[in-house]
Amino acid sequence: MNFDISEEQQLLQQSVERFVNENYDLATRRKLVDSPQGYSDDNWSQMAELGWLALPFDESDGGFGGNQIDTMIVMEQFGRGLVVEPYFANIVLGGGILKRSSNDELKTSLLPGIITGDVRLTLAHAEEQSRFDLDDVVTTAREDGDHYVLNGKKSMVPNAATATHVIVSARTGGGQRDKDGIALLLIDSGDLDGNHFPTVDGGRASELSLDNVRVPAERIIGDFNLLATAAHDAVLALSAEALGCMEVLYKSTVDYTQEREQFDHPLSDFQVVQHRMVDMFMEYEQCKSLLYRATLEAVQDAPTAARTSHALKHLIGKSASFIGENAVQLHGGMGMTEELAIGHYFKRLLVIESQFGNTDYHLTQFAD
Amino acid sequence: MNFDISEEQQLLQQSVERFVNENYDLATRRKLVDSPQGYSDDNWSQMAELGWLALPFDESDGGFGGNQIDTMIVMEQFGRGLVVEPYFANIVLGGGILKRSSNDELKTSLLPGIITGDVRLTLAHAEEQSRFDLDDVVTTAREDGDHYVLNGKKSMVPNAATATHVIVSARTGGGQRDKDGIALLLIDSGDLDGNHFPTVDGGRASELSLDNVRVPAERIIGDFNLLATAAHDAVLALSAEALGCMEVLYKSTVDYTQEREQFDHPLSDFQVVQHRMVDMFMEYEQCKSLLYRATLEAVQDAPTAARTSHALKHLIGKSASFIGENAVQLHGGMGMTEELAIGHYFKRLLVIESQFGNTDYHLTQFAD
Amino acid sequence: MEIDLSPEDFEFRQEVRDFLKENTAKPGADYSQWRLDYFKKAAAKGGWDVPKWPVEFGGPGWSPTQHYIWEQETVTASLPWDMPFGIGMLAPILMNYGSKEQIDRFLPDIRERSVNWCQGYSEPGAGSDLASLKTKAVLSDDGTHYTVTGTKVWTTMAHMADWMFCLTRTDDTGIKQEGITFLLIPMKQDGIEVTPIITLGGAHSVNMVHITDVKVPVENRIGEEGKGWTYAKGLLQHERTGLAGISRSIVALENLKRQAQSVSRGNRTLMDDPAFKSKVAELEIDLLAVEFTELRSLAAAASGDDPGPESSILKLKGTEIQQRIQKLTVEAGGIYSAAWGVPVGHKFARSGMQGYLGGRANTIYGGASEVQKDVIAKNVLGLKRS
Amino acid sequence: MEIDLSPEDFEFRQEVRDFLKENTAKPGADYSQWRLDYFKKAAAKGGWDVPKWPVEFGGPGWSPTQHYIWEQETVTASLPWDMPFGIGMLAPILMNYGSKEQIDRFLPDIRERSVNWCQGYSEPGAGSDLASLKTKAVLSDDGTHYTVTGTKVWTTMAHMADWMFCLTRTDDTGIKQEGITFLLIPMKQDGIEVTPIITLGGAHSVNMVHITDVKVPVENRIGEEGKGWTYAKGLLQHERTGLAGISRSIVALENLKRQAQSVSRGNRTLMDDPAFKSKVAELEIDLLAVEFTELRSLAAAASGDDPGPESSILKLKGTEIQQRIQKLTVEAGGIYSAAWGVPVGHKFARSGMQGYLGGRANTIYGGASEVQKDVIAKNVLGLKRS
């Protein structure tokens, strides 16, 4: 039993932490968020140079052979810094699917570009009627000789405007909610109509339309199982990011209430404020414990790993809401402004809540 | 719009309050609870003399023509005093069914005895598989000439050991959960096998067995609708009683924390304790508001009356749990003892939670 | 005990409905003109433009039941935009503490909605502890004017206001509630600088107002020097009760249900999801209760009693309910709640997130919930704190 | 980072399982004799009768992982009845602060379970503020004995105890944590009167103990006069962590699920009811998390670090989880939870209500939850309170 990370992982953590400290003060971040692209190409190149884009891939593929613990380390620090580069869409989602794909040709052709940052992937799985159900797919992929012809709409696709390729889930057969008959296909971004827009946390997302898009059959990356695995990884990564956000929120609140005076006392003198912050701290620690558990189970491929990941996203959602709302509340009027960082962490947590299943969704998945 | 009770009702309230003050100190009550019968015949006679047993019945039947507001007034004071006489079983349940029954002969023969206290009714509706569903009845009433033959078991019948008659719900037809085919029949207590036992609040209940019990057809009092109406009245009456309990609990806690010192301060000096008690107070006031609303809607036979009664029992359950548990918690070790009154109020609230549907049950009924 | 409306009340309700129907804005009409017209017509009904004003100042003299009916009927009607600062906050103070000249000078414009006011109470660093304000007002030696310098914050609509009513400190030697003076200050002048504060939802409604060496004639002082806190305090509690917004929440909850019904889940809708349905039901139950808590408070006021202990609950419970509705709206929006500034997916998702973010302020302004509980502990439960 | 057990750990687990299986009470055997035999056999395994004792006093010297395994395995085994007062509470104090003579005199009996101890800390009026105790101990002029007078309360199993370890006040002139002296007092003597306290669940396990002019020889004093608080305090925090009972809660939750499955709802069971199922699931999720919080704390201890901030959570979260399980058990019991003292309806309903009522104490004793939060605010978040 050992909860320490390895020396290599410690170096990784320090390196991401340093990157965040040097590049992510609030003013700099705001500029990125307000720019048309929404993130910095320089940062992205730096991430490539530091090897982070290669992190999860096998060493034989030019990667570093990292696992979900390594991703957790990176994402937690990204959460603490509110990093906006498309690491999640590109490396966790796209890279995660590609690395597990049995389509070796695609892998060979794409991985080098991913590692340099020139190829940028994202995943388009959600549809208006699907809400959080991965298997609720009405976008069709009709077989036509050695091609598939895709028709449908995909929703809230992260960072699609800057992606070179989009992995789309589409139905080759079966009914609307059948797991069988779902394929993942790789599509060039140019073949898609997109409505691109910002998200409330300063990120970017798109609504995509597929209008008789022809895709060669060799562009099939995987099936529903691969999508489910990607979602599992996504939950772990987003939860790690959320943990980073929550740590900043509860600690800033502890700091702020000690500085801020009201009724002739620092706010932190009030017992009700203290107990609220103790509750925030406890929620944070409980999330951390469950993140470790879920991540370790995933690395060890434990039979309970998927179920524990549902538990995790549920707890993260509940705690993020509690910590976020109380951080705003205890910051008073200041918590309501764009000026202070805490509002931005709060908004990032709100978006994480809507990604890959919300609190209620994962409770149901866990309980069933 | 007027939330004041009438002058007559004020007199009733004062009269019940006086009765409770004079007869229900904790030691006296404990003696009653520990006695074989579980309540006092003298108190019961006094209630008859004071006219309370006649309260809900029509004036033409020798009653006082009271409505649910009058019952609310009595039950709230009974809650404040933890009164154990079988007013709820006899007058609210039994009397309520009888007064609405179209079986005039039964009414004429029984009402005078009820008003004097000599006839004592109770209602046996629950069965092991039914939980809180009134329509889940497997006890059978087979027609046999001008009689019915009853077979089955009834659970947790209040005050059956001292009842002269038991109103039993039984199935004359239909499937296990059909509302049609349920009849209410009046049975002499002597015809029933009973396992009588105390309840955790110091009350009395029984498991009853019906083994080929023959009942004349003219002993049919009503159908499922009458049972549902009785349950509606029961919810209002129990909620009023619970409100009385909650008032005592929150106010005793406010008093106790001001007397009790810890860490060189009265407990009530601690902001966390204060806010907890503010929450208890607010829950109490909200319950009071909803009790008024549900009771007034019942009196006015509003179309929403049944739905509001579900809302009421749900809110009462949630608040009773919050107020009860926190009263115990804030009384510390003392709250855990049989010696202090608050534990007894807490236990009464726990039993009310299990009577005529718990918090979850009524939420579902309300939402559907 | 009864909650039935009397025949007169029914008649009144019909009159209100008719009036509101007649005076809805016609499509294409000029909004500003219609707005001023609306208030004129409401005035002609006998004070319907100022329902809460006393009769002697032109109010309609309604019973609590009539007020309740008005609130219920108007919450779904599209009334013209109206700000509470002049009508609801300054006016009662003027009526109670203003001089005859001040009343004659300011009240008519307030009633006509021709002059906009903002409230200069909060200051940086004061928060819910309003009385610790520092904006300084120094009386000139000749006693003709004050020179005011300081900073106000969270000043709603300061950027649209013609005037500010403002708490200033004229004495800082005693306890902080004393030495506060109530001044009326024109906004459009040198020395007043309004800086927008952008809040979480991206909206601009509050501001920082820097006041630098602004001269205010003594005839713009309400009442006595040093008594400003007394004048403002009573209104604050009143304002808090008004913030409960229970009728609005009833409408908002109905909207939420409709929105959730528009979100499909397989063959059914989100309103059929047991967890979501339970949360909506619990919310509705709390709302049924707090609605009657408000009625109890109104009934107590009608019988001339002090508002009972129940009225202290209203702001706390009311704002909590608002936030729960907002939160469930975001939840109903699902994946689309993340989209910002564009209509994507479910139609309500965009305003849902804005409402939720903006609504976090509801438990902060007008006395944070934590402070409200302190007040209830002290004033209702009679507890002290050492 | 890894949570796998090593091959040695697996071997140890098997050894524990075998031992527990071999030493289960045979049906019909004499319980008291079996109990004493069990502890002898456990001692023969090399300290398995005293898992938490240090090696130098006969403990097994297990790693944190081995402790964790032991706890997991024993929670479902039917171990003999054992009380923590001697083994877990007095023994560490003796080892750390007792004289050689005291250790030789008391420790062997404690280990054999042949002498029962009770803990005389709490007093009426002190509650979670233990240090404000008033039981007086006056040293005789010749310095040979103390005369003790006072009242202890909530004394678990005082009616079964041979001895009490007792905090007494020998000096009330300084701050209250000073002037407390730690004495060992035989219970079976004149001047000691044990009065049962019946608790909500109807059980008798706690007592009031009146001590009147009881003479205690100075050789029964642990350590120095006036230092008793120091000796007791460290153990208190330790005791609190132990109260989390997480392994027991895991078993209790599995029982709850089975019980709920035995309650029929139409064609299905209570475990299929969405609301009930959700509550069980939320509980299980919190338990999955807190189980890892405990492991993190154990791992930190294993690497010689101070227990991290996470360990302070254990008592709070652990007892809260216990109470939630108890409450859901009562809820599962439905109408039958009201029956008292007789088995009626669902088999688990009777013990369910008893467990729930008794369990209300879990957030009160060993430092009430409110006090625990004060401690975390101070020691972990570094906050002070004026």
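Observations, loosely collected:
We call the chains A, B, C and D, going by the order they appear; numbering starts again at 1 in every chain.
Simple rule for what comes next: a residue touches a chain if its C-beta (ideal position, glycine included) is under 8 Å from a C-beta of that chain, and two chains touch if they have at least 3 such contacts.
Note that the coordinates shown come from a computational prediction; the quantities given were computed from them, not determined experimentally.
When the C-beta pairs in contact are tallied for C-D and for B-D, the bigger tally goes to B-D. Distances between chain centres, each the mean of the C-alpha atoms, put D farthest from subunit C. Separating the centre of subunit C from that of subunit D, both taken as means of CA atoms, is a distance of 54 Å.
Subunit B and subunit D, compared by their mean Cα positions, are separated by 40 Å.
For the pair subunit A and subunit D, the distance between C-alpha centroids works out to 43 Å. Contact with two or more other chains is made by residues 275, 278, 370, 373 of subunit C. For subunit B, residues that reach two or more other chains under the stated contact definition are 270-272, 275, 363-364. Interface residues of subunit B, counted against subunit C in their complex, comprise 1-6, 9, 69, 254, 258, 265, 268-269, 271, 274-275, 277-279, 281-282, 285-290, 292-293, 296, 300, 308, 311, 314-315, 363-364, 366-367. Residues of subunit A that touch subunit C in their complex: 126, 128-129, 131-132, 136, 155-156, 177, 195, 197-201, 203, 205, 207, 260-264, 270, 272-273, 321, 325, 328-329, 332-333, 335-339, 343, 346-347, 350-351, 354-355, 358, 360, 363-364.
Partner subunit A is touched in their complex by these residues of subunit B: 270-272, 275. Within the complex formed with subunit B, the subunit C residues making contact are 1-5, 64-65, 68, 277-278, 280-282, 284-286, 288-293, 295-296, 298-300, 302-303, 309-310, 313, 316-317, 370, 373-374, 376-377, 380-386.
Residues 122, 125-129, 132, 153-154, 197-200, 202, 263-266, 270, 273, 275-276, 327, 330-331, 333-342, 344-345, 353, 357, 360-361, 363-365, 368-370, 373 of subunit D are the ones touching subunit B in the complex.
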